[in-house]
Each structure stands twice: as structure tokens, then as C-alpha cells.
Amino acid sequence: MAFPVPASTLGASPAADAPPIVRVAGVTMRYANGVTALDGIDLDVPRGKLTTLLGPSGCGKTTLLKIIAGLLRPTTGTVAVNGTPVIGPGPERALVFQDFALLPWATVLRNVAFGLELRGVAKSEREAIAAKYIREVGLSGFENQYPNQLSGGMRQRAGLARALAVDAEILMMDEPFSAVDEQMRRKLQEDLLALLAVEKKTVIVVTHSIEEAVYLSDRVVLLSRRPSRVSAIRDPGIAHDMPPDQIRRDRRYLDTVDEIWDMLKQYLQ
Amino acid sequence: MAFPVPASTLGASPAADAPPIVRVAGVTMRYANGVTALDGIDLDVPRGKLTTLLGPSGCGKTTLLKIIAGLLRPTTGTVAVNGTPVIGPGPERALVFQDFALLPWATVLRNVAFGLELRGVAKSEREAIAAKYIREVGLSGFENQYPNQLSGGMRQRAGLARALAVDAEILMMDEPFSAVDEQMRRKLQEDLLALLAVEKKTVIVVTHSIEEAVYLSDRVVLLSRRPSRVSAIRDPGIAHDMPPDQIRRDRRYLDTVDEIWDMLKQYLQ
Amino acid sequence: MTRIETSRRGGAAAPEAADRPAAAVADADSPAPARRGERMRGERLRDDGWPDKSWRDKSWPWQVASFVLVLGAWEIAGRWPVSLAFPPFSRVAVAFVEMAAAGDFGRAYAVTLPPLLVGIGIVAVLGVGLGIVMGLSRGVEWIGMPLMVVLQTAPVAAIIPLLTYFYGVSPTSKTAAVILLAAPIVVLNSYRGIRNTNASLLDMCRSFLGTRIQQVFKIMLPHASGMIFAGLRLGISAGFIGVVLAELLISPTGIGDLISYNRSIARYDKMFAAILSILALATVTLALLQRLENRLFRPDHAVSG
Amino acid sequence: QRVIRVGQADTLTGHNLPELIAMANAEKRLGVKFNVVALKSDDVVFQAVINNEIDIGIGDAYKGIDTLKAPVRHFFLLRRVAYFPVVNSEAYKTWKDLAGADMAVHARGSATEALALQMEKANGIKFGQISFVPGSEVRIIAMRRGTMKATLLDLPNTRKLTEEDPKKFIVLPVETQSASDEIFYATTKFIADNKELVQVLCEELLKSLRAVNADPKTPAKLRTELGLLKDLPKALADDITPYFEMAVPGGLFPTDGGGAAAAKADFDFLIAAGRFKGQNADYRVEDFWDLAPLNAALAKVGTN
Amino acid sequence: MTPRSVLDHVPSGFSLLVWAAIWELIGRFGGIDLIPPMSAIVAKAVELVQTDAFMKALAVTAQAFGVGMALAIVVGIPLGVLMGVWRPAERLLDVWVNIFISAPLTALVPALMPLLGIGQTTVVATVFLFAVWVLVIDTQAGIRHVGGSLVDMARVFGGTRSQIFFKVLLPGALPEILTGLRLAVVRGVKGVVIGQIIIALLGFGELFELYLQNFLMEEFWALVFVVFALAFVLVELVGMVERRFDFYAGSR
């Protein structure tokens, strides 16, 4: 299978040569109501990198993410993680949800430990692990609050801690910051990058925001309008050890944002 | 009354010397439940310019906008428009709502003409006016659709057309683009600037997005955390006749964004 | 102060949580637990909180299967038989046709329907009116709301025989029974419809210089129409109960007589046919009302969203 | 302890004391328990009897036996019909005026309904509608309020109303009534299986009714002695003796348990009421009554 | 203070006192024999609840109501869950549930009598029929509400079917189930009264009939108010539980 890198790719990523951790091959998704969301997606996700899926609204980003997560079965095509075909959710993949998906009747502690609870980890053990990640995402002191007592940003931190707690190799996020306000979003982006510098994961993020995609990613995958295909792949090649405001002034950052915006604008209205 | 421009203001706006169209003086707002949202706001809005109100979530931006719109009465202080004290809504002010506030049971045409309908303009006349603005915001062909058949971006365009149709001097927008997705938002921002180049209005925008504020505005008013005061005022001084991607690379744009971000970051968490 | 705030101060006596988010529960007696901003998956929720069933899967195999399943179960239970007093569906269907042909239904409904229609008419005009006034005026709300809530929870059925004292054994008694059962729900729903008007639409109207009258007629009423009609549907449903109760409790006439007379002479097939007729009539009436409502007030519900 | 279920179509009040006393006495002799339940109407009682949910019904089963050939027999006449057509004289003065008018009676299938039908026949008129309003007390309220203009009332309530306003409320002329109002009945099987029980019950009923006829104060007195109807509201308790003082002279309580003579009279009444077709001779007493227990009881306690 | 703000400070339930006063006046001076003064009714109600007759009626009624509600819960909630999680069940039964929830079930009650007899069973069945549908519909709606990302979340983290059901779906549907329960109680109370007075004169039905047929208006109204008070307390109790879980109704 040919790796579909268009000729115009800026800056070759070194990871492109290593074996990909996730390989999506010829995935087509046709919903029962006749909507074809994905139409032959081929995609490799490099190990240890942050990849974003970007595309117009309704193009099928969530669908693709759910297929990789094993929540949906594609109509045709396959997904392989570490070479093993995906037939359902697996312990090596964890998801962060756009609407947080916290149990409203459970405390932050139980919510963060919930993934471990489902795996049958003993209570004291899982709470110790949860407490660690609660600290890591900056939620210490809120362990016994309920989600409705938290702000949007704090809820998403809890969702992130839950995904980190199960110690999956691959972290998937569906528009993780779209339900929090702009300023909080910016803060969460910075915090996420800082966290990932420590945690070393493969991350797949779905987003609508070009700036977010370019700012966060090692690789940006652009999807076309529905029925969607991979229309371009960009590796911004930004060094994430720069301070955030440096990144946002970086030529490559600005160029990539503009280039992507020019490509996506055609899909609007 | 002293005009509260901090010493650090970048680039003096020429409008600062002309008489302001809206003058907010000593406005304090204490809600019945004891929450003090605003605490002595003094603010001048320059005529013919776009002013944004920026501040942390829950600081009282909407409250201030509603007071200017005449929908709320401040506990103390006054608002004057063109020198006349505000005692309620007036024909010189029109509002665009965050949740669009479209009548779900009315077509786009009727919705856009609704402001005129309330003023008793004859049907044929108001529909002609509405049709013009529907064209202007790019909704032609959707006149007879109902809001539930439109996307978020299209709904906000209808809300904008309705506000334009009553031909008010001052256009007020409460987070006009926060309910649409990022890419659509970017598109709407660009379209708004293009539209305003033609329509020549005084515009007050409430937003959470620093980029949006700096990108759109002649003047950015920063509010502090609740009970809120004006903490800073910036006039980015960006020429809006530049192409959008030029603006986003402009030094002054980037500097202002960073400066504001540094000021606002302290209010988060 | 926005109006939504005032609406949160529901009646202290309200058995449902009046401090719910707007349009939370259509009324204390309606099956609409839909909450604000929530959508059931695959199911459009109208802003009056009622699931809009018009989307429903109308594919005929499922419809046929559904009827075959239930009527078949009835037929089998009847033939088994569960009880001699439980005739199979086929016998009831035959009895139904016989009675229809003999004009039994015509005669019965000629007696049953007029009081029902008059009662519903009165409730539709006065009850909706009162509900709207209650929604608009704090004073009327204060005095009226708790009373309506009490009427809704009280064992009103027990009071129905009392109506004969006031109105004798006349259609008036039945009309009064219909009103007694239907009014609280209609009033409360109209009230809540007005009260739960989307605050931002009201702000919009005010900011475009709408007068109070315009606010009421151009925003509140169309917005509340969903709740009002939901109330009317519940009211009609309660009205049917009222008229049947009156015919069973006050004096057997009309359809109530058809039911109790056929029971007394052990013609259970005819009794079930009579019951079936009123269940069907109520169902069809409510469905038609829903259509009418969509056509008149909510053209947007007819288009795909 | 065996429980005998007895059903009747009214709530229990002081008026029911004669049979309650009889049952209380029978309980002592037989070592069983009579459990009286009140049902909505006479036809419900009849249904309950044929469905074996109730052992003994109080009311009448003539129509049911006639149409359904139900295996049910009457065995003791408790109370005779004594209802009077009372009208509001502002609306009606003669029988002729009542043609097409509404007439209110007690309940479907009750003696009052049959009576109304009989009156239609006897006077050659047709009522507009016969409506059912249970309870004489309820009907006099409606009469007073003017929402009801013509009805059949029992003796005490008739007196009450006509004494209140003799000008406004008048009683239309009726032939002397000898029909039955409430009769004990049961399935043939029950009667056959419980010969002794039914006979003892008849004996006690005879004794009780005779005692009441001899002294209308007996029911009230025995109520306290036997502890019957303990929860009766005071207003109703106070009404017991006045009721019997009026009812006894009105001849409501037979002293012979009815029997063949009552059956024959009932046939006439039902034919006149249009509820039975044909003639008296077409109906046989033994199809409707089981006279054996009554006759045995009469033999035991004497024929008065 | 403006009259408007005066009202802000008077709890709205207090207007019932105004109605009670109006009733008292009508009772005293209205000359309507059907409406005795409120004070007399209240006094009678106090007397009434102490009588044996009332306690017996209460016991009979509570039994019928309790058994009927228990049946409705045992049948209604699982059925609602089934219709919520299994599409075919919903497609097959949805129409019928919706017909029965608004149908004049009162008409069915006379048919229960020959079927189930004149005793408690029929009243129990009436309570059941009145209460069950709203439970089915609300449970179904509750399950649907949870349907979205919470279930996906549980699946992603490796939840088994039964874990998803017990740890996510059921607690998630609880607010609607409790709303359904409260509405079912309201309907069940109506059912028990209607059942008792239409069919067999049992429990409160018998007392109502006794008072009415003998024109004991004070007792009659006293009983009406007592039954109302019982129903109200019951509904409020469920409502209290419901409000405890309501906080997450809008955030699933």
C-alpha cells in the first residue's frame, strides 16, 4: 500500500519511515441511512507523534476516529494497530471525548478511575493511580467534586486524566477543547503539550481549528468534504520545545495555517 | 469624567478624540441574587469603529452589553448614546445574539424582516429590505427555509442580516461566532470585516477569543474577573484593508495577541 | 432582569419541580421527561419538550408486525380462553361491525360527544386563556397556579357524582365533568408554555423595539403553541376520561351505557367493541390534533431539520 | 371459619339493619361469618353471583334468569317496593305532563327502573329519558335544587320532600305496589350445597323482620347490642329509628319471606314494566324461586 | 414595595389560604348545602382519620395501590429498558404505549370486572394500567438520553455489556425513571380512586359512596381533602428523591 503523501508535503517527518502504529487501509463507511461518510481512507499514524484530523464540518472526522477506536466497524477496509487488526475497543487505545463523557453521578476521583474500574482493578490501587493523574492534569483538590461543580476546562482535564490513567499507548481526542471557552482552550493546549512532553504517547486529535491543529501537531491530516478522502497531509515540523508565543510567530506555523486555510475555505458554504 | 486609557496603550486611535458614540459612566451591576457583575465601568466607544469586550468567562461581558442595549438597567451609573441617556432599547442600536434568537416557526425572510415587522413597516417594503441584506450576508436562495434547515453559520448570517436590516448606527454582538465551528468562524470573521467596510457602523463585539478580538477590532477593552472593571484598553491599530492572512502575520497583531494573552492568563483557574 | 428568572419561582405546592430548566417537563401528568437542550438520539425533540413522533419509522412492515403482534396475542388469549369474559379479537371485530351497522355507535356518540365537545371547547377557550393570563401576570399566577396544581392531584373522580346535585342528570353534568378533568392540565400547560418562552427571543423582541403586545402575539404565543397544544391533547385525553366517568358514575348513557349494558347482559364482545370504539376515537382525535397543530403553528416541524 | 360472601348494590347504612341482625344471629347458630360487600349496581351483584365471587346476592335476578337462563334462584323477600313518583309541580302536574320528560330512578336493573317502566305503561306515556341517580337522598337534593323535576323516591324521602313544600312537590297517583325490591338469591348449586345455612338464614330473617315490624325501635337497639355498623356516621345513626318508624307502617317488610305469592306479583309487575314479555302464566315460579328453604323455615318459626 | 414585589415575598402556595377563605365564606353564607364551611370540613377530617372505618379503607386502598404500583414498576421499567436498548421492541410496542398513555382507560375498567372479579384484583389492575405506561415511556427516554457518548466511553474503556448496563445506563436513566415514577404515582392515585368507585365499593370508594348517597357533605369533602393530602405527600416524597438526582439530568 502506497503511503499517500502528496508531493507538496512540507518538511519530511522522520517518523514517516518507522513502522506506523496505526494503519488505516481503504476504509469506507456507509451509514444505514445511506450517508457515505468516508470513501476509501488510507492513513498511517506515526508512533509517538501527535496527528490531527482536520476537515470541514460533517466530513466524517468523528466517524474515522470511532472506527480507529473500534466503536464502529467500517463498511469496507481495515484498521490495524501495531499490526493487529482492530475488531473492537482495546486496552492500547483510550479516548477523550468532546463532551467530556464524565459520569455526572460520580466524583472526579471515581470518574478518573472509571477506566480502571471497568478493568476490574482493585479500588485502592485504581484510586492511587487516578490520584496521580489528577495531580498531573492539575486537578488536585477537586477529587471529591462532581462534574457539575467543575468548569468546562476542569471537566476536560478530568476526561484527559481518565484516558491517561489506563496507560494506553494511543490517546485519541475528538475535538477535546471545543466545548470550553477560547481562553481556557489556549491554556489547555499549552498544558497538553507540556503533559505530552512527559507522557510520551501517540496522540490523534480531531479538531476544527486550523491554529490548534498546526500548533499541536507533528502531522496534520486534511479530509475533504463528505464522502471524504484524505486530501492532504502536512508535517508542520515545528519544534514543540519553543515557548508557545514563539511557536505562534514561527514562519512555518503561520505559513502552514495559511496554506491549510486556503485549502479548507473552498469547502465552506 | 476621565477617559481611562492606561499609560501602556499602544498606538493612539484617532477616534479617541472625536466624541464617543457610546459613553458608559460608573456602571455597577448587582443582580438580585447578590452577584456583583460589574463594578464601576467607565468606557467610551468610538464612533464608526469596531470595539471588542474581552474578559474571562463570567466576568460580566454579556451584562455590560445588555446594559448598553437597554435590556438591563444598571444598579448605578449611566449609559449615553449620542449624548442621550439610555433608558431602554432604541432604534439606533441593534443586537446579534449568540444563540441566534431566530423564530423557529418563521422563514429566513420573515426572520430577517422581523425587526422591521415590529416597527410596522409594510410587508412588501420590509421584505424588499430583508432580501437585500439576505443577499449581502450571502444567504440568497435560503429565503424560504426555516432555521432548523440551516447550519449554524447560516443561522448567524440570518441574525446578522436581521440586525443590519433595521439600519441601526450601532451593531452589538454577543459572542456572535461562538456557536459555529472554527472554520466557519474564521470565514464569518472575514465576511464581517468585508461587510463592515461597506456598511460603516459602530460595532461592539463580545468575545472570548483573543485572536478574534485583535483581528476584528479597532479597540479591545479588557475586563477583569468579576466584579469586573476595565483592566486595559488596546487599539491594535491594524489596517483592515490588508488581506486577512496578512493581518494574521502582522507584527502588531501578533504582539497584541501575546500581550493580551499574558494579561488574561492570570485569570484562568 | 430576564423573565426566565421569574419563571423559576414555581408554585410551592407544585408536585413537579417548578425550578427545572425551562421546558423541562411538559406538565405534571405528561410523559415528557425531555430536558432543555437535550436531544434523544435519533429523535427530534420539540422545544415544548414533547418528542416529535412525526419522524417515526412508518415503514409498513413494522406497523403491520406491531398490529399483528398485539392483536394476535389478544386473539390467542381470547381463544385459549383466558376467561369467558374475554372474547378473542375476531369476535370483537365482528361485534364492532354489527354495532356500527345497527347504528348503535351513532346513537351512543350522539349522546356522548356533544358534552365532550362543548366541554373541550370551553376549556380550549377559557382554560387556554386563563393559562396565558397566568403566564403573563404574576398576580394571577400567584392566585391561580396552586389551585390548578391541587385540582390536578386531587381525586377529582370522586367529585363527579356530586355534579348531579348541581346540574341534575343532564348533559351539563357531563360537560362539567369534562371541564373539571381537562381544565387543570390545559391551564397549567398554557401557563408553562408562556412562562418558558425562550428568554433570548424575548430579549431579541425587546431590542428590536417590540411592544408588550407584539411580544405576546409574535413571540410568546407562537412559542407556547407547542405546549398549549400538548396541553390540549392531554386535556382532550382527560376529557374523554371525564365523559366516560360521568357516563359510568352519574347515569349510564351514550357510550358508557353501551359498555355497562352489554356487560350486564354478558355480551362481552359488544362491550369490548364499545370500549375499542372509544379508545380508537380518542387516539384518532389526538393524532389529528397533532397534525392540525403542526400545520397551523409550526410549519418548521413539517420540514426536515 | 367459613366466610359467606353477601353482595348488595348499596352502601351499608342503618336501613340494612334487619338483614344484618339476621345474619349476625345466623352466624352464631352456624359458626360461619357473613361478609357483606357493597357493589356499584344490581347488575354487578348479579354478575358477581353467577361468577361465584359472591355467594348470596341481595337485589333481584329476574331479568338475568329470564334472559341468560342463569342457574340462580331467589329464596327470601326482604323488602317490598315502596317508591313514589314525586314531581315538581311547577313543571308537571299530571302523568300526561310527564310524556317526553326525564325521569330519574335509582339504578339500571333496579326495581325503581321497572317501576318507571310500569308507570309508563299504566299511564300510556313514554318518558323522554330514564336516568339513573343512585340514592333517594341524592335525588331529593336534585329535586330541591330544581335540577331534577321528576323522580321516584322511597317512602321516608317522599315524606320529607312533600312535607317541606307541599305546594311544590306532589306525588302522582299510583296503584298500590306489591312488587319486590330486594330479594335474597343464590346459585342453585349454593342453595343445594348449603341447605341448612340457607334455611337458618331464612329463619333468622323472618324473626328479625317480625321483630322490626313489631317494634321499629328494635334495629337501633340491637345495633348497639350486637355492635353492628360501629362506624356509621352520627347523622346516619340518628336516622335509623325515624326510618323504620315510617317504613314499617308503609308495609315494606313482609313477614312471610315472599315466596310464590311474591313471585307471581313480581311477574305481573315485570310484565307491566315491559321487562318480561308475554303473560303471567308463561312464567313458572320454580324457575325463579327455590321455595324449599323458606317453607322449611316457616315450618320452624311458624307462619305468623 | 410595589405590589409586584410583595408577591415575590409571599410563597405562592399561600394563595391556597385565600381559596380556603373564599370556600369558608361560601360555605357559611352561600346557602349551598353541598358546600359546608371549610372549618367544619377540616374539623371533620381530623375526626375522620381517627375512625376505624377510615383506617380500614386506608389499608384496603394502600394495599391495592401498593401492589398495583409494584407491578407497574416491575413491568414498566424493564419494558422501558428493553424498548430503549432494542430497536425492534420499540418499533413493535411504541404505537401501543403511546395509545395507552393517552387513552381513556376508564372505559377499560368496566371490562376488568367480568375478567378479574369485583375484588381487589380489579383495583390493582386499574392502578397498574393507569401507572405503567408513563413509566415505560420515561424509562425508555431515560435510556435514550444516556445513549450517546457515555456508552461509547464505557465501551472504549473495555466495559462489558453488563457493566455498561449497571454502571452507565441504569444510573444514567435514573432522573427520567424517577420522573416517570412520580407521574406514575399521580396516575396510580387516580387509578385507585377510579377503580374503587367504578367497580366495587371498596376502601375509599365505599366511603365516598356512603357519604354521597347519604348526603354527608362534611365527611365527603373531608375525605376528598384527606385523600388529596395523602396523594400529595406521596408525590412529594418521590419528587424529593427525584430532585436529588435531577442535578445531572441536563448533563449526560
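Each chain gets a letter, A, B, C, D and E, in the order it is written, and its residues are counted from 1.
The definition used in the following text is that a contact is a pair of C-beta atoms (placed from the backbone, for glycine too) under 8 Å apart; a residue touches a chain by one contact, two chains touch by 3 or more.
Here the structure is a predicted model, which means the values were calculated and not measured.
Colleague: Chains shared as neighbours by chain C and chain E?
Modeller: Chains that touch both chain C and chain E, as defined above, are D.
Colleague: Going by C-alpha centroids, which chain is farthest from chain A? Tell me that one.
Modeller: For chain A, the chain whose C-alpha mean is farthest off is D.
Colleague: Go ahead and name the chain pair joined by the largest number of contacting C-beta pairs.
Modeller: Greatest count of contact pairs is found between chains C-E.
Colleague: Need the CA-centroid distance for the pair chain B / chain D, whole Å please.
Modeller: 85
Colleague: Need the CA-centroid distance for the pair chain C / chain D, whole Å please.
Modeller: Their C-alpha centroids are separated by 42 Å.
Colleague: In whole angstrom, what separates the CA-based centres of chain A and chain C?
Modeller: Result: the chain centres lie 49 Å from each other.
Colleague: Name the residues of chain C that each touch 2 or more other chains.
Modeller: Only 161, 165-166, 260, 263, 266 qualify.
Colleague: Residues touching two or more other chains, restricted to chain B: which are they?
Modeller: none
Colleague: Pull out every residue in chain E that's touching 2 or more other chains.
Modeller: 34, 113-114, 148, 197-198, 212, 252
Colleague: If you go through all the chains, which pairs of them touch?
Modeller: Taking the chains two at a time, the touching pairs are A-B, A-E, B-C, C-D, C-E, D-E.
Colleague: Within the complex, which stretch of chain D touches chain E?
Modeller: On the chain D side, the touching residues are 7, 10-13, 37-40, 44, 47-48, 51, 53-54, 134-135, 137-138, 141, 230-231, 233, 235-236.
Colleague: Show which residues of chain B lie in contact with chain A when the two form their complex.
Modeller: Of all residues in chain B, those touching chain A are 56-57, 138, 151, 153-154, 178, 181-184, 186-187, 207-212, 245, 248-249, 254, 257-258, 261, 264-265, 267-269.
Colleague: Using the touch definition from the top, list the residues of chain D that touch chain C in their complex.
Modeller: Answer in residue numbers: 43-44, 46-47, 67-68, 102, 104, 108-109, 129, 131-133, 138, 141-142, 145, 147-148.
Colleague: Under the definition above, what is the set of chain C residues touching chain E in their complex?
Modeller: 9-13, 15-17, 20-21, 25, 28-31, 33-38, 40-41, 43, 51, 53, 56-57, 62-63, 65-66, 69-70, 82-83, 85-86, 138-139, 141-147, 150, 152-159, 161-162, 165-166, 233-234, 237, 240-241, 243-245, 248-249, 255-256, 259-260, 263, 266, 268, 271-272, 274-275, 278-279, 282-283, 286
Colleague: Given the complex with chain E, which residues does chain A contribute to the contact?
Modeller: Contact set of chain A toward chain E: 66, 69-71, 88-91, 93-95, 97-99, 101, 103-105, 114-115, 117-119, 146-148, 162, 166.
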